[in-house]
Amino acid sequence: MSDLGSIKVKLRQFAQVRDWDQFHSPKNLSMALAGEAGELLERFQWLTEEQSKSLSLEQQQAVEEEMADVFLYLLRLADKLNVDLMEVANNKLAKNELKYPPEKVRGSAKKYTEY
Amino acid sequence: MSDLGSIKVKLRQFAQVRDWDQFHSPKNLSMALAGEAGELLERFQWLTEEQSKSLSLEQQQAVEEEMADVFLYLLRLADKLNVDLMEVANNKLAKNELKYPPEKVRGSAKKYTEY
Amino acid sequence: MSDLGSIKVKLRQFAQVRDWDQFHSPKNLSMALAGEAGELLERFQWLTEEQSKSLSLEQQQAVEEEMADVFLYLLRLADKLNVDLMEVANNKLAKNELKYPPEKVRGSAKKYTEY
Amino acid sequence: MSDLGSIKVKLRQFAQVRDWDQFHSPKNLSMALAGEAGELLERFQWLTEEQSKSLSLEQQQAVEEEMADVFLYLLRLADKLNVDLMEVANNKLAKNELKYPPEKVRGSAKKYTEY
């Protein structure tokens, strides 16, 4: 089993043994994921971009924990919807390679934001 | 190299060849991730929980694409901050196992939301 | 002065006297606003739609506080960008009236989500 | 009727005549609000803080429209939950005045983020 697959199974058991599966509709999981993404955001909101590149140990740990939360809900949602995250990520990346030809978008945030 | 590691490298090259690395401060990536989490959310906002469990093919594809976007930005952020996503996810899961003893929280959304 | 205007002034003074104005770039305020919207979301994530319509007193107070946070950051951002919230809201509503002709979209979440 | 009250009534009619009231549970509205906050965020994600302070006309209009969307959903939610936005905002501001004594938090993002 892949590493992602192994966490998915652990998450499934975690929910089952607590009878929390009833709360894990894809709709609810999308909310929980966005909520955690919001908490991650809050860790960075008053930092400058430069400060965000050199976090203190305390900040790094807080950020890692929020990233873990986002990841866990993403995996839980993937499990519920039978999504192969590695596959869809690779597909999306291939799509983006075509959508943003390097010679046309190089160094431009504008081109970037247009998508 | 692990699967996650291989996508990280691809993402790094994707940004480098477009000279987009300059935009990828952790602060900015946290915003992009939250933005994509918001788009994922929008796919579910007018669906009932039941409907979210049986998506049409079209809905499923749209959801998969937003999940891919969230995942790609999460991996990009992990690369920038030297975070091992698998490790932090496993650690967080272990922590949650202790925090939510099954016999105390079983079937309760209240206990769940208290964290 | 309008009610909104009076809160804007209070917020301006609140930031000034704490020397927090330096943190209130529109970029940062958009993050703070989204963070608070995420906290609001978390109050509802494990509730059914029905439960969200009949909140307990405790839930109602928590929700009200998150709504206040969203509103305060929205007003702060409006002040920084010289946006007249009442005006843009009325304009947007007029635009939506035209965009969604009642006889075409009535009762349809699909039409709704297409925008 | 106050200005906010007048928009609330317009929004109520807007939903009623389209038979969209059925979609406007507080849960769903919190999702829509967070989705719009995410779109607002996306307008700023690749801008520097400095750039976010001097938007082009085009950027300003896009930002104003997203702010209007956030505001409209906030008002709709306030209507559904019988929340007086002006009152809760003023209460929250008074609470924050006490929570962050100027002489203790002046100029510190750290104190700010601790809440």
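Labels for the chains are A, B, C and D, by order of writing; each one numbers its residues from 1.
Operating definition for what follows: a residue touches a chain if its C-beta (ideal position, glycine included) is under 8 Å from a C-beta of that chain, and two chains touch if they have at least 3 such contacts.
Model, not experiment: these values are computed from the prediction.
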{"item": "Between the pairs A-C and B-C, the one where more C-beta pairs touch", "value": "A-C"}
{"item": "Geometric centre distance via CA averages, chain C-chain B, whole Å", "value": "24"}
{"item": "Separation of mean Cα positions, chain B and chain A [Å, integer]", "value": "2"}
{"item": "For chain C, residues contacting two or more additional chains", "value": "23, 28, 30-31, 34, 37-38, 41-49, 109, 112"}
{"item": "Chain contact graph, described as a line, ring, star, complete graph or other shape", "value": "complete"}
{"item": "Complex contacts: residues of chain A adjacent to chain C", "value": "23, 28, 31-32, 34-39, 41-42, 44-46"}
{"item": "Residue ranges of chain D touching chain C (in the complex, touch as defined)", "value": "2-4, 7, 10-11, 14, 17-20, 22-23, 25-28, 30-31, 33-34, 37-38, 40-41, 43-44, 47-53, 55, 60, 63-65, 67-72, 74-75, 77-78, 80-81, 83, 85-86, 88-93, 96-97, 100, 102, 105-107, 109, 112"}
{"item": "Residue numbers on chain C that touch chain B, as the complex places them", "value": "30-31, 34, 38, 41-43, 45-49, 109, 112-113"}
